[in-house]
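Heads up, the thing below is written out as C-alpha cells.
By written order: A, B, C and D. Residues from 1 in each chain.
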Amino acid sequence: MARLSYAQASCSALHAAMQQDALVVALGEDVGRGGVFGQYRGLQQTFGAERVIDTPISEATIMGAAVGMALAGLRPVVEMRVVDFALCAMDEVVNQAAKARYMFGGQGRVPLVARMPIGLWQGSAAQHSQSLETWFAHIPGLVVVAPATPQDNCGLLAAAIACGDPVIYMEHKELWGLEEEVDAARVERLGVAAVRRAGSDVTLVTWSRTLHDALRAAEAAQAEGLSLEVIDLRTIWPWDRETVFASLRKTRRLLVAHEAVQVGGFGAEIAAVVAETLGVPVRRLGAPRIPVGYASSLEAVTRVTPEAILSVARELAKKPAR
Amino acid sequence: MARLSYAQASCSALHAAMQQDALVVALGEDVGRGGVFGQYRGLQQTFGAERVIDTPISEATIMGAAVGMALAGLRPVVEMRVVDFALCAMDEVVNQAAKARYMFGGQGRVPLVARMPIGLWQGSAAQHSQSLETWFAHIPGLVVVAPATPQDNCGLLAAAIACGDPVIYMEHKELWGLEEEVDAARVERLGVAAVRRAGSDVTLVTWSRTLHDALRAAEAAQAEGLSLEVIDLRTIWPWDRETVFASLRKTRRLLVAHEAVQVGGFGAEIAAVVAETLGVPVRRLGAPRIPVGYASSLEAVTRVTPEAILSVARELAKKPAR
Amino acid sequence: MSETAMSLAHAQALYRTMARIRAFENAAEEASKGGVAAFGASLAQAKVRGPLHLSTGQEAVAAGVCAQLRADDLLTSTHRGHGHSIAKGASIERMMCELFGRATGYNGGKGGSMHIADFSVGMLGANGVVAAGIPIAVGAAHALRVRGGGALVACFFGDGAINRGPFLEGLNWAGIHRLPVLFVCEDNRWSATTATGAMTAGEGALARAQAIGVPGLAVNGNDIFVVDAAAAALTAQIRAHGGPRFLHAVTYRIKGHVSVDAAGYRSHDEVARALEQDPLELAAIRIAAIGGVRAVLAAIDAEAQAEVAAAVAAADAAPSPPDAEAYTDIQDTGAGRWRD
Amino acid sequence: MSETAMSLAHAQALYRTMARIRAFENAAEEASKGGVAAFGASLAQAKVRGPLHLSTGQEAVAAGVCAQLRADDLLTSTHRGHGHSIAKGASIERMMCELFGRATGYNGGKGGSMHIADFSVGMLGANGVVAAGIPIAVGAAHALRVRGGGALVACFFGDGAINRGPFLEGLNWAGIHRLPVLFVCEDNRWSATTATGAMTAGEGALARAQAIGVPGLAVNGNDIFVVDAAAAALTAQIRAHGGPRFLHAVTYRIKGHVSVDAAGYRSHDEVARALEQDPLELAAIRIAAIGGVRAVLAAIDAEAQAEVAAAVAAADAAPSPPDAEAYTDIQDTGAGRWRD
C-alpha cells in the first residue's frame, strides 16, 4: 500500500503492465514528458521511446495507429488528453476499433485502451469539459470504464489493459490530485460495481467524480433520516445490473446521478431498464442540456451538486415504492 | 401536389430555399452530379458551382468550412453522405457548430443543416448502417430531425434550412425511393410529432424508417383486437413531449421502437422521462447491441421488424396500466 | 523505368495475378446486378449485396506491388480491395463466398466486399472509410518494428484519399518514426462521380508525400513492368531501413464507382482512351516483346475464369451464416448483454 | 526582405500594438496564478481560471499581420489568441473582463481566454481545439466571396497544427477554390511540452503548403519589420485575386505552454537565446535605426501598462454573469428544455 494520487495510481498500473508484457505500449501527445497531468511520469525513461511513444498532434492517427498496432499484435494504451479532443478520432474509435473484430469475422482483435478524460475542469469552458460516456456505451464492441478513486484508477486500468476488447477509459480531470492509500497489486474486474455506502430508502447509482458528491448527499440525507445506498458503477458498459437490481429489491426506488448532460445521458438507459423490468419509481439527475460556461457562476450551473442530489432523492423518497 | 420520391422531395425543398435566399448554399462530395442518392439532382445546373459546391473528400473540412460560412453569414446545407462518415467531422459538429454561439456569448450563430443519412442499407455492413441520432440529441446546441416520409423530407428540410440553429438532419437510406404525393409548398414545424394512426391500448413512439414497420405492426395488432396509437416523432430533439403525453393519458402504456441500437438509444430518454413523470409501464425495442453484419441473415438480426414490435406491444398490453 | 528487364516466368506470373483479379471482378459484377440502391438502381436483391467497388482496369497496381511483398508483410486496403487481396494470396473461393454473404467466406459473411480480409496472408482488411487504412497501416508498421523481423506494410489508397486528413497525419507519422511502410496511391482519376483533379490543389500525391518527408516515385500504374520495377526499388529501400516510401501509380477505373453505377458523368472519349490502355492488354504486348506467346496467356485467362466459375458455384452452394453468428466476435466483456 | 523601409509612424504604431499585447499578457499571467490544475499546479481559485495560453514573445506576428488587415477582413485564431484579438482591434478592457469571467466580457463570461472573440472587428474567435480554426477560416472566406466585397481571412495556427488533418484539408480547399485566405503558421517551436521539430517530417510548414498549392514566405517572426513586409506582400497578392497565401513566421514561446507551466522540459540555453531575440527589443533597435527615440517607446510602454491596469481594475469590479445567463444563446429550437 502507498499513498497515491489518482494520476499516480494510473501510472503505477501502466508501469506494472508494461513491465509484465513487452507488447504493451503507450502513445500520445506529451507522454514522454509524463503527460500534462503527470499520469505517464517516468515511463519513457524506464521503457524507452519505442514503447512510450511521443506523437504529433494527430488524434485521428494516434487512434488509427493504435488500431493497427492492436491488429498486428500489440496492446496499445492511447492517450487522448480529453474526450473533447478524441472527437477528432471518432471514425477510428467507432468505425475501426469497435468494429474491426466483427467486420473481419474474428480474424483480428483490437485490445486497446483509449484514455479519454471527461468532466468539468474548473474554468475550461465548453470544449474541455464534456462527459460523453453514453456515446460509447451505445456503440457495439466497446467497453466503457470510469474510475472514481485512486484505487480504482489503478485496478481498473490494469484490468482494462488486460482486457482483449477495446476499452474507452474515462478518467475525470478534477480527480487527478485526489489521494488515498492504494493497493497497487489489486486488479479489479470490469463490469462490477461497488456499493460505496449501504442504505435502505433509495438506490443512488453514480460514477466518476459524481460519486464523491453522491456520498456527500448521502451523508446529509442521513442527518434527516433518509437512507441512501450509493452504488459506484465503475464500468458503464457493461453496467452491473445484478448489483443495482439487488439494491433495488431492497429500496424499490432508483436515482441515477451523473455529470454528463441529462438528456440522452447513460442515466436514461439505466432508468429505462429499471422502469421496464422492475417498474419501480425512477429519477435522474444530470447536467442541464447547455454547454459548459467559463465563468465560475455559469460553470456552477452545470454541476450536479450534493444539494441537488439530495433534493431529488427527497422527492423520490416521497413516492410510494412499487 | 406532385408524386415525388423521398430523395426528390428533399431536392425540391432545397431548390425552393436556394431560390428564395441567395445565402443558402449546399456543399459536399458529388453534389454537382446530383449526389449519389439523387437528392441534389439539377441544383448545380440551376444555381452554379459557387452555391452548389463540390468538395474534396474532406469531411472535417466540409463541416468546419460550413461552420465558417455560417459564422460569416451564409446558410449552408452540408452533405455527409452517411452518418458513419460524419464521424470524421465530430470535432466540427460537436465542439464547433454546436458550441460556437454559446462560447462566443451570442456574437455569432451557426445556422447550418448537416445531412447525415442513417440506417440500414441492404448489405452495407457495419460501417454504412449506423443510426446515431441519440449522440446528437445529447449535445447542447443541436437540433435533430429524422423524416420518415417524402412529404416530411420536403417540409422538414425546408424548416431546417429556415431554422437559425445547427440542425442534424437524418434521412434514411432505405427510404430514398419511397414515393407519395407531396405538397411542396408545405413547411413543417420542427419539434412537432405526427400521430400517424390513432389507437387506445398502447402508445407506440417511433421515427424514421421504423415508422413504416410500426404501422404494419399496428395493422396486424388491430386484427387481434389490440389498438396501437402510432406517433412519428419526426424531430428527435426537441421531441414533442406534449403529443406523446397526451396519447399516454389515454393509453397509459408506452412502447418506443427505433432502428438504432437499443442500449443508450434515444428510446431510453423517452422511456426514462415517461417513467419519471407519469410512472406508466414502458418498453423499448431497438437493435441488439451488435454491429450490422453483411449477410442478409445477419443483417436481418439487427432489424426491428413489425413482428417484433407487435410482440413487445402484446406483452406490454398485458401489464396493468398505471 | 519503362524498359525494365523481366524474366518471362515472372512476367507470366504477374499476368496470372492480373487475370485472376479481372476474372474475379467480372464475376462479382455479374452477381451484383440488381443490388444496392444508389445511382438510381433498385432495391431488389442480388447475390452480391451492398456497394460493390470493382478494381477492373487497376489490376497492374495490385499485382505489381504485391509481387514484391513477402508472406509476413502486411497490407491495408480500401473499399476497392479485391485486387489487393487476391494479389496478396487470398483464396478466390473464400473471397467469393464472402461477397455472397456465406458462412464459408473469409469474414463468415460479416464483412462482405467492403471489409474483405485475410489475416492469414497479412491482408488486414478492406475499409469502407476513405483513407482509414492509412493510420492503421502506420500502426501496424509500428508493431512490426516493436516485434522485430524486418517485414513491411503496403498501404493502398485512392487518389481521393489524399485530400483527407489521415493522409497528412499518417505520412508524417511514418516519416518521423521512419516506419517500414510503402504508401501506394492508386490514382484512377475519379472519386465516386467527381474528377479528383478538380478537387486537388498543388502538384499531386507524390509532391505532397515528398513535402511530408516521404520520398517515392510516380509511375504508369497500368504497365505491370513499370509497377513491378518501382515496387521492387521502393521495397528494397524500405527493407534497407530507409523509412517509408511512396508510390504514385496512375491508372484508370474502367467501371463505375460501384457496380450499379453507369458512370454517365464521364465522357465516352475518356473511357475509350482508357480502354486502349487496358493493363492486361499492355502486359500481353510487353510479354510478347520479351518472347512470350499469346497462347500461354490465353491459357492463363481460361484457367482464371475456370477458377472463378468454380468459386461462384461454391459460393452459391455454401450456407448462409446462422442467426446465432450475428452475436459472435463482438466483444468478450459483456457478451450476451444485447438489449439491456 | 530584412532591410525593409518603413515610416517611423507606422513602426511606432506596430510597436504600440506589440506593447499592448505584452502588457496584456503579463497582467493576465499575474491574475492566473493559482489557476488551472495541470503541470502539477493546484486546484485553487484564481481571478483568471482555466488554461491560459500566453503569446508573450510572439507579438510581432500578430501585430505585423493584423496591420495589413482591413476592418472588414476576418480572422480565426487559436487557443493562444490574445495577441490576435488585440492586433485586430478588440478592446483590452472587454478582453480582460472576459478572462475574469465577467458579464461585461466579450463573451459575457461564457468563453474565457480560449474562446475570446470580437465579431465586431471580424475576430471570429479563439479555439480550444488545435487546427480547428483552419476549416472555419476557409468557410468564412467562401462566404466572403459569395457575399462579395474583396475582404480576406487571416487564419492563425501553431506549428503543432500542421500535423493535424485539417491543415491538409483546409489548405487544399482554399487552393482549389482560390479563396482569399492568409494562412499564418506561428511557429514557436513547441507544442505543449513537445519540441515540434521532432514530431514533424519533411521540410516543414511552407514546403507542405507549397505542395498543396498554396505559395508563401518563411520569415523571422520576431522581426516586426520583416513580418509587416511579408504580410503586406502576401495580402496584396490575395487581394489581387491570387488565391490563398501562406506565411511561416518563426518565433518563440517565451512562457510555458499555459501560465502555470514552468516549462522545465526545455533548456535554459534555449530560452536564454530566445530572450535575446525578444520582438519588442528587436523592434526598438530597428526603430532606433530609422530615427526613432527610446523615450517615445518608453511612453508607449507606459501607456499600454496603464491601459491594462485600468482594464484589470474594471474587470475586477465588473459583475459575474447571473446564473440565468447560463441558459441563453444555446439554441432557439427547444430552448427551455434543459432536462427532459
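Definition applied: contacts are C-beta pairs under 8 Å (C-beta built on N, C-alpha and C of every residue); 3 or more make two chains touch, one makes a residue touch a chain.
Only a predicted model underlies this, so the values are computations on that prediction, with no experimental measurement involved.
*Asks:* Report back the single chain whose CA centre is most distant from the CA centre of chain A.
*Replies:* C
*Asks:* Can you compute the centre-to-centre distance for chain A and chain C, using the mean CA position of each chain? Integer Å is fine.
*Replies:* Chain A and chain C have C-alpha centres separated by 40 Å.
*Asks:* Counting only Cα atoms for the centres, state how far chain A is from chain D in Å.
*Replies:* It comes to 35 Å between the two C-alpha centres.
*Asks:* Could you check chain B for residues that touch two or more other chains and list them?
*Replies:* Each of 55-56, 58, 60, 84-85, 88, 91, 95, 102-103, 125-127, 140-141, 237, 263, 289-291, 293 in chain B touches at least two other chains.
*Asks:* Which residues does chain D have that touch at least 2 chains other than itself?
*Replies:* 107, 109-111, 115, 127-129, 163-166, 169, 172, 176, 198-200, 330, 337, 340
*Asks:* Going by the touch rule set out above, what shape does the chain contact graph take here: line, ring, star, complete or other?
*Replies:* Complete.
*Asks:* Tell me, which parts of chain C touch chain B in their complex?
*Replies:* 35-40, 42-43, 45, 48-51, 98, 101-103, 107, 109-112, 114-115, 127-131, 160-161, 163-165, 191-194, 198-200, 257, 265, 320-323, 325-327, 330, 337-340
*Asks:* In their shared complex, at which residues does chain A touch chain C?
*Replies:* 23, 25, 50-51, 53, 55-56, 58, 60-61, 63-74, 76, 91-92, 95-96, 100-108, 140-143, 163-167, 190-191, 237-238, 241, 273, 277
*Asks:* Contact residues on chain B for chain A in the complex?
*Replies:* So the residues of chain B touching chain A come out as 60, 84-85, 87-88, 90-91, 94-95, 98-99, 102-103, 125-127, 130, 132, 134-135, 137-141, 237, 260-261, 263-269, 271-272, 275-276, 279, 281-284, 289-291, 293, 319.
*Asks:* Which part of chain D faces chain C closely enough to touch in the complex?
*Replies:* Chain D residues touching chain C: 163-169, 171-172, 174-176, 198-203, 207-208, 210-214.
*Asks:* Can you check the complex and tell me which residues of chain D touch chain B?
*Replies:* 74, 76, 105-111, 115, 117-120, 124-125, 127-129, 132, 134-147, 165-166, 169-170, 172-173, 176-177, 328-334, 337, 340
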